[in-house]
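Heads up, the next two complexes both have chain A, just with different partners, chain B and then chain C.
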Partner chain A sequence: MVNLTNPILLIAVPLFFVFLAAVIAPFSKRATKYLPPVAFLINLIITLYLIPQVAEKGVIVATTAGIKPPFAINIAVDGLGLSLAIIASLLGLIASLYNLKYITEEPQDKFNMLFLLLGTGITWMVITGDMFNLFVAFEVTSISAFGLVGFLRDKDSIEAGFKYLVMGSIGASLLLIGVVMLYAATGTLNMADIAEKIARFSFRQKLLPYSFIFTGLGIEGALFPLNAWLPDAHPAAPSSVSSILSGIMTTAAIYAIIRATVTVFNYSAITPFILLIALLTLVFGETSAFFQKDIKRMLAYSTIGQTGFFFFAFSLGSVQGMQGAFMQILNHSLSKAMLFLIAGAMITQVHSRNIDDFSGIGKKMKISSVFFAIGAFSLMGLPPFFGFWSKLTIIFATLAYTNFYTITLVVILLFMSVIEGAYFFRVMQSMFFGKLKEGTEIKEASPGLVVPFVILGIVILTLAIYPTPIIAVSKKIAVQLIHRAVYINAVLGGL
Partner chain B sequence: MIRKITYTIFLSIIVATLILFFVAFPFGKNKMGVGKYYLNNDIKQTGAANVVTAVTLDYRGLDTLGEVTVLFAAAAGVSILFYLIDQDKKKRERQVYPNFIVRVGSRIIFPFILLFGSYIFIHGHLTPGGGFQGGSIIASGFLLLYLAYPGERVNRKKLAVTEGLAGLTFVVFGAIGIFTGAHSFLFNFFPKGTLNMLFSAGILPILYIAIGFKVGSEFAGIIDDMMCQTVCGGEK
Partner chain C sequence: MIFYVGAFILIAVGLYAIIIKKNLVKIIIGLDLISSGTNLLIVSIGYVKGGTAPIFSHPGILPQMMVDPVPQALTLTAIVIGASELALAAAFVAILYKHYGTLDIRKVRGLKW
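What follows is the complex of A and B.
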């Protein structure tokens, strides 16, 4: 009986297509652009097949080399990992469809390989069950991202790419040092095995490896003092790449922090510190976004703010908080990816990234503008959209977090949401009610660009109409995340 | 002044954390959880005489696939950054030409470098060394040729095809394991053979040969991208 739903196929299939692209690129550079959509589609189908299994068993474990964990690397997919893998495959599929029309610069073959590798690395990060393998996946993701950020090779992208390269490499080194320390202390690299052995460690002993891992991943996850690269790198990349970087890549790094904190370290003592960092990230991101003139830069700062938002919800440490965090991750990934794709389509018409140049294009680019509004509404959390439910859950979770400064936290969250609304409404006001500049010829972007983000918009609208099943599922995921023994037993149970 | 204070604070935080970590560190106790297992079971489970190879390709084979992919991504990134639409920029005049000794010497040495590199990766499961080392040695031979003959280039198409086929070999041989009885990626499905023989250790030598080809062609590609920024002409 051949098991086609082995989660390791999520890594093997895209890698097969990447190397296939390398083989066919010398003969036909154009043909390589059709490989990423196929690979992401297969990945999406595999993840959909995995849903019933994860729902039934909780955690699916796949071994490598035919040897049981912790002696060989294993892949462990639980609810949170699977959901992020689904999001990664979906966004990868949409963005690579968008690439078919969007990318005209050379060398296209290298771009397509790196784009596919970026998606693969992200999927790899969220499904792996091994600390060193996490580092490897992190490297695959970030190194392909460096190349993609510098893809356009103008002054901006080279500068941004270099800045990102330096900071990302420092982050990877710190992560590696942290993993090495864990190995030195426990003699194993398997997450579940470390989790079991680290239980005898005191709070203070865990602090050093944890802080290395936290800082290393925090650079990629754009946490407050470490995110100087993001506002440069995300706008400088081609829009389809920005949508993946903002939509799921920073989230994958945050996922790794969550996995390390909850499953591996079981480090509840650190949560007040995380809460502070998350709050600073939120405030920094949203206030900076408010002052931006460049639309992609504004969206990038908004990504920092949103990251702070769901990281804050996670740091509350309750089931409801994690539920809110997951819902916000889902909402942010879909909406932000769509907003970046739409911004890219608009930039191809306006030939400018300045928000003032976007005035009045709502009358010409009707579909794009309407879907931009849908994405923005969902992101800022207006009532019918899914963002409303996620923000509401986070607010309730904050109110349940009994501390003497609870009310202050709630006020900050609401105030930041208002700021977020303000800058999105400013853009939309200029889009729909502004005056079109004289002598500019603007028409709707080509269908090749419009169709992908419309698909994503339909997903967001579906979530807005039927939020209840997803809310129920996210509660299950949060419960599963908190009960870490289930994960550990599922991985080590075969021993 | 402020800078000094900041430095002092950060330094003291780092020192304090280090002390906290090492004060209760279990020195002198045997912490080799996984390592011990590898040493005891390597020959029985993989048939490789070189334990390092058994660990990198069998127990942690997925990591090696990842590292190969990282190198692939890095090579692709380099060639994106050095890609110039204006081909004329590449034909810049070179000031210094290599002399007779370098040109002839490199021709004599190059086959031996290739031979040595291939020896290293073919015997990766028996002796120290392996695909990454052998591949790098082969690429160093290409670097020598580039230095000796500034006008010439390797055929990038052939390099790209080699690179891709080697990667495909790794993934396909890994994926066959999923469809065997073990349902496990990179499962060693070939017979293990006799210890210390060239044809032993199942799929490990095949994987290392693939890695050797891949690393060699990738490094050669990176060298080509960087050297041709200034030196060589010709078609890509």
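What follows is the complex of A and C.
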């Protein structure tokens, strides 16, 4: 009986399938496209198996080579990491099912390998307990993302991919410098061990390595001055890849920042600074999204805005803020991934990415348009949907943030939500009430494209109907995140 | 100390090349300089002058004369990653050249930079 509950399997299984794809490819390139769904399904099952354990123990630790931390590389899964791993596996499964029909360009075997690697890297990033492993996972994720962004090899995607590659590599180097500085200061790479030893450093001593790590991860996480690559890279990729990039990859980078700030550095003194960055990200993303004509570009800018939203909630530093951040992450990942998949399905029919060309397709592509509306409503936070509860929690957390500017912050948040609603309603208005262009042949996309995002839509609807258990769980996760001693003891206290 | 200075000069030159230079190949060279500088920084953290490998091969070796092996392992990993990144960058530049027939970044402007 294989031990199904070892979190190392979350990395090992998809990695095994990558190499399996390389073995199968010479015989049948078509067959490789059935590997990603299988790998992500196995991952999803493993993560679901891990839920009771994490709920019971708090943090589960797996070691390599039989040596106990802090001397070996270890994997530490806590509530936040596990939930992100579940989201990553779910989105990977959905997007790879979508790929079966969607990706027709060659070389398919290479695409599937890169896609699997992307999923591996993201899962790896959210469950690792080691700073250098974080860097390696970050690089696995970003290199496969560079390849996937440039996959179509036309002018736009190559240019976007190159731009992303240059910025991403600089970010990775900065992250590595920060990690090495931490190593030089504390003599260890284990997150929990660093977290214990960091206590003897002052605010100023922590500032230099922290800023390197923050900048490095911030490039990938699309924080405000560093996100010039994202509005080009996310639209240029195939839609299924954009859904993964927007849905979970930027979130994974933000997770790494959260982990570094709260657990590793215990750096609450830096909060005002990251609050400002998050606010700028929010304002920049939402206002830029408002002026876009290209639907995928609009969704990409909306991702920047959402990132700012939950990063803002996190940087409030309270339990309620982190709860709101987690809920917003969950809501954003599911809805944005679904919106990108639907946009991809619509583009296959309309053959254009311009929003004006989408007018009137609500009458022809009924299922897609209705689910687009569901995703958009959930994202902007209309009452029955989960987005409402997450935004409400964030607003309450902001009101509880005792600061002179509290009211200003709330006003900015609400105003940005209104802008978000405005551009989504504009798209939906043209979709449902616009005039269909003469002489266009538009019909519903093929079932192979529709079924995956309908599954995701059902998940979103379920969350809308039963939000209470998830809200309770997210509160637990937030409490666990803020009590960093639990994490440290779980890793260093042996198994 | 000289290693740290050298490492940061390499990183600064690399950043300069990426920001100022207009030739795509020079930008790639800049990326390589940054990763080389980072690698030099990592190795020099574990370096001990006149040190030896961390193996107790004969009795006279003291632990404080040993070079820290962890940064060297990190460097090896970082070199491999950097190499694959550069290979990908070179592939991108080759395709860009096919599309535009030039390596000048001012002429490669399909998107807003």
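FYI, the second predicted complex is superposed on the first by the 492 of 495 C-alpha atoms of A that agree within 3 Å, B and C clash if a C-alpha of one lies under 4 Å from a C-alpha of the other, contacts with A are read in each partner's own complex, and residues count from 1 in each chain.
Here is the rule we use: a residue touches a chain if its C-beta (ideal position, glycine included) is under 8 Å from a C-beta of that chain, and two chains touch if they have at least 3 such contacts.
Every value quoted in this text rests on a predicted model; they were computed, and no experiment measured them.
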> Clash or fit: chain B and chain C on chain A?
Replying inline: fit
> Given the touch rule stated above, what does A:Gly362 touch, chain B (first), chain C (second), both, or neither?
Replying inline: neither
> If you stack the two complexes on chain A, which partner ends up touching A:Gly178: first (chain B), second (chain C), both, or neither?
Replying inline: neither
>> Quick check on the superposed pair: does A:Ile170 touch chain B, chain C, both, or neither? Answer first, second, both or neither.
In response: second
> Put simply, what angle do chain B and chain C open at chain A, by C-alpha centres, to the nearest 10°?
Replying inline: 30
> Given the touch rule stated above, what does A:Ile143 touch, chain B (first), chain C (second), both, or neither?
Replying inline: both
> Between chain B (first) and chain C (second), which does A:Gly387 come into contact with in this model arrangement: first, second, both, or neither?
Replying inline: neither
> Can A:Asp193 be said to touch chain B (first), chain C (second), both, or neither?
Replying inline: first
> Counting only touches as set out at the top, which of chain B and chain C does A:Phe132 meet: first, second, both, neither?
Replying inline: both
> So, A:Asp232: does it touch chain B (first), chain C (second), both, or neither?
Replying inline: second
> Looking at chain A, does chain B or chain C touch a larger number of its residues?
Replying inline: B
>> Which partner chains sit in contact with A:Arg153 here, chain B, chain C, both or neither? Use first/second/both/neither.
In response: both
> With both complexes placed on chain A, how many Å separate the closest C-alpha atoms of chain B and chain C?
Replying inline: 5
>> From the superposed pair, tell me which chain A residues show up as contacts to chain B and also as contacts to chain C.
In response: 132, 136, 139, 143, 146-147, 150, 153, 158, 161, 184, 189
>> Applying the document's contact rule, which stretches of chain C touch chain A when the two form their complex?
In response: 11, 15, 18, 24, 27, 31, 34-35, 38, 41-42, 45, 70-71, 74, 77-78, 81, 84-85, 88-89, 92-93, 95-96, 99-100, 108, 110-113
> Where on chain A is chain C touching in the complex?
Replying inline: 132, 136, 139, 143, 146-147, 150, 153-156, 158-163, 165-166, 169-170, 172-173, 176-177, 180, 183-184, 189, 228, 232
> So in the complex, which bits of chain B are touching chain A?
Replying inline: 17-18, 20-21, 23-26, 31-35, 37-38, 41, 45, 58-63, 65-67, 69-70, 72-74, 76-81, 83, 85, 156-157, 160-161, 163-168, 171-172, 174-175, 177-179, 182-188
> Which positions of chain A touch chain B when the two form their complex?
Replying inline: 2-3, 6, 8-9, 11-12, 15-16, 18-26, 62-67, 70-73, 106-107, 110-111, 113-114, 117, 120, 124, 130, 132-133, 136-137, 139-140, 143-144, 146-147, 150-151, 153, 158, 161, 181, 184-190, 193, 197, 202, 204-205, 207-209, 211
